[in-house]
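Chains here go by letter, A, B and C, matching the order in which they are written, and residues are numbered from 1 within each.
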Amino acid sequence: MIEKVNIPEISQKHLHGIKDLTVDDINKILELSNFFKLNNREKDKNYPILKGRTIINLFFEPSTRTLISFEIAAKRLGADVINMNIEGSSLRKGESLQDTANTLGAMNPDLVVIRHGIDNATKQISEILSCPVINAGEGINEHPTQALLDAYTIINNERNLENITVAICGDLEHSRVARSNYYLLKKMKSNVRFVYPEFFKPKDLDKYDVETFTNLEKGITDADIVMMLRIQNERISDMKLPSKESYFEKFGLTYKKLKLAKPDALVLHPGPINRNVEIEDSLADDIDKSVINEQVENGVAVRMACLSIMVK
Amino acid sequence: MIEKVNIPEISQKHLHGIKDLTVDDINKILELSNFFKLNNREKDKNYPILKGRTIINLFFEPSTRTLISFEIAAKRLGADVINMNIEGSSLRKGESLQDTANTLGAMNPDLVVIRHGIDNATKQISEILSCPVINAGEGINEHPTQALLDAYTIINNERNLENITVAICGDLEHSRVARSNYYLLKKMKSNVRFVYPEFFKPKDLDKYDVETFTNLEKGITDADIVMMLRIQNERISDMKLPSKESYFEKFGLTYKKLKLAKPDALVLHPGPINRNVEIEDSLADDIDKSVINEQVENGVAVRMACLSIMVK
Amino acid sequence: MIEKVNIPEISQKHLHGIKDLTVDDINKILELSNFFKLNNREKDKNYPILKGRTIINLFFEPSTRTLISFEIAAKRLGADVINMNIEGSSLRKGESLQDTANTLGAMNPDLVVIRHGIDNATKQISEILSCPVINAGEGINEHPTQALLDAYTIINNERNLENITVAICGDLEHSRVARSNYYLLKKMKSNVRFVYPEFFKPKDLDKYDVETFTNLEKGITDADIVMMLRIQNERISDMKLPSKESYFEKFGLTYKKLKLAKPDALVLHPGPINRNVEIEDSLADDIDKSVINEQVENGVAVRMACLSIMVK
């Protein structure tokens, strides 16, 4: 344990989405994340301010990396962590969501982290629970800790969020990551671009105050940040997708295309990567351009910050 | 940690079933549960008297809620907890049960919590292990911690177990919950009624000293406690069940039928609930009548009491 | 916690295989294991020298017993433990192995324990990670902690490893256990025999300096140690195996055959046992001959020693 830190308060009881947060809330979370990033590079990574607390990770969709990130975060804070990895199919919707929430709530958790395939499931569950919840990715609505870790990664690379141009590229239609990033970046006064092939045009496009591009080259031209999205195959049913090769040719990020962005542009991707579909293999691993691994490291720190702040 | 408490001793090394417990044993467990219920409402829920101990949850049947209840209980007591969630199919019976027990036993656990589909599996395993075991639900034999939490819930609602009338209703044939409750309630001098449709008539009915009813209205008339059971679909194979609607009409508990019980009758259900099959939706959620969520909360406290007492 | 112990250093950063270890390394691990064996028989089994450390168990093959052994070992040492139980099918090979390693590595683990179906997967992953790894069984290459626990079990039964004759018997073709034991026993100057039916003849036999036998009776004659192997059904595809009865008749170890070995010969098996196929039922349970349960107990101690030593 390297030093002591003050845990700030924010305006919200729950972390449903970036939409609800103030600029001040976001800055507090990002600042605290910095402390935990340093903490996590120490030998002793325990900062047990949540000792004696019970945190439940309630995951209705499979998600190895986000679940593990939250699990590590909670354990480093000293909490007792319970993982509930429920297949979407094993519970009927409606009543059962309510009953699961009732049951968990009765066990006196101090916080529940929820991943769910349906928009607003987190809000429904939080109305039943008396403890705070954190949305760990919900339908195509929001994934707030991802946007926070993306913002932290940008700042941590000596960029300012204000007045930068961020091109969010790829499967905009199905991406909660894109939506949370949009809300955060707009609050912080970044310029946001949505860059997508026509078949991934977001159905709710008129809600967003963005420049749009259907050509990747044009969309990333002069961008400070190129944020590639994962193709959400699990949320795509009938749609006829082009072949991987053809997608990569038109919408995959390559060294060549990246030259159109600012010379020091950063490449982000929430992972897991579809190599040579969304992004050129070697570019993904180029630590001078890509900060994908930093995003993962920062994810644990940001989630420790969120857990510390939200648990009362 | 709110205060110190004395951990009592009971007459049994293992918690195989209520059948083995004395009235004094039961009272000791219920009294200690009270302490843990208060503990669990504190911010710091750790009462680490099992620090350094290893507890294995060995579950041969899927069971989210009981497993989590035991997991939270053990973690709050400071134990190292290992979950072994084994599908019934992945192990052959007989030898393998023995070898699994041999293997676990060799790892020096301090206690093993066992759920199994077959009656007396817990006893077989305990003969191989040198540590105590707790039966967490076994075949259609016993589920002692469920009966203890039910009893605790009744007492905690300012009822006396002595001389009350408890109507246990529904799938009596397949219910280990009913059997454990029967043994407990009879030991505590309650009047027990078995209320079931003809197709759920228990095959071992002659073992129980109860009033029986095949009509729900008659069965719950003037009852102090109405204990609804879950239909154990996973234990029902060939039997022709009526439709859900028809079951609900005849054997589902409704506000209207509940008026026949005592005016302040409590409604219990071990969960998970089949809403509008076993019990009317809104009645299940009516905290003036139903104590279903209290049962879940009390479950963690009762299991902390049992773990504290059984680990030597 | 019974006393303090010195944690030695060894020559390797990673524990990929016995092949890399010096005799001095092996002796240091076995000596420290002795301490943890005693520790694990205490009531308080915590020896929390890895408090604040993060250990990830990354298992690409299902393995209940090895996973649990590592999990218990890490928890008793006070580490935060994360289990990643990944089915071989859910990840594509190649890139994805690399990306999984990248992701885990970014979360700042202090050590990763890896089980994988492919030879050298552990080495590939360790080249990406900056922390040490332990091979928990890999393809048909090595399973070093199994060989260490086998050696510890032999020593702990008052045998010297030097100049004893060890007959390793059964499915030599597919056994990483056999290979790790071979390297360890040769380093310690034991005489090693490979005893196998013709259809389990190792393809890489010319790499090993051993006496070979295709007849079990001859192979175990005058042996000090009879080490039976599990038939690795999951690694056998096209091969035509004889019936269980016929295998047992020719290659199953029985009391009768065991009389050919030294009078005080010890019987080992890495488990899980195929009773009455690889070994006679009652012989497996005869604690005067078989040390199978001791192997399991020693496994936790040996893994605590390895984790203590490898985590920097």
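Assume a contact is a pair of C-beta atoms (placed from the backbone, for glycine too) under 8 Å apart; a residue touches a chain by one contact, two chains touch by 3 or more.
Just so it is clear, the model here is predicted, and its values are computed rather than measured.
With chains as nodes and touching pairs as edges, the resulting graph is complete, every pair of chains being joined.
Residue numbering at the chain A/chain C interface overlaps only partly, since under half of the positions present are found in both copies. For the copy pair chain A and chain B, the superposing rotation over Cα atoms measures out at 120 degrees to the nearest 5.
If you average the Cα atoms of chain A and of chain C, the two centres end up 40 Å apart. Residue positions of chain A touching 2 or more other chains: none. The part of chain C that touches chain A in the complex is made up of residues 51-54, 56, 80, 82, 84, 86, 95-96, 99, 102-108, 110.
Residues 1, 40-46, 64-65, 68-69, 71-72, 75-76, 271-273, 275, 281, 292-297, 299-300 of chain C are the ones that touch chain B when the two sit in their complex.
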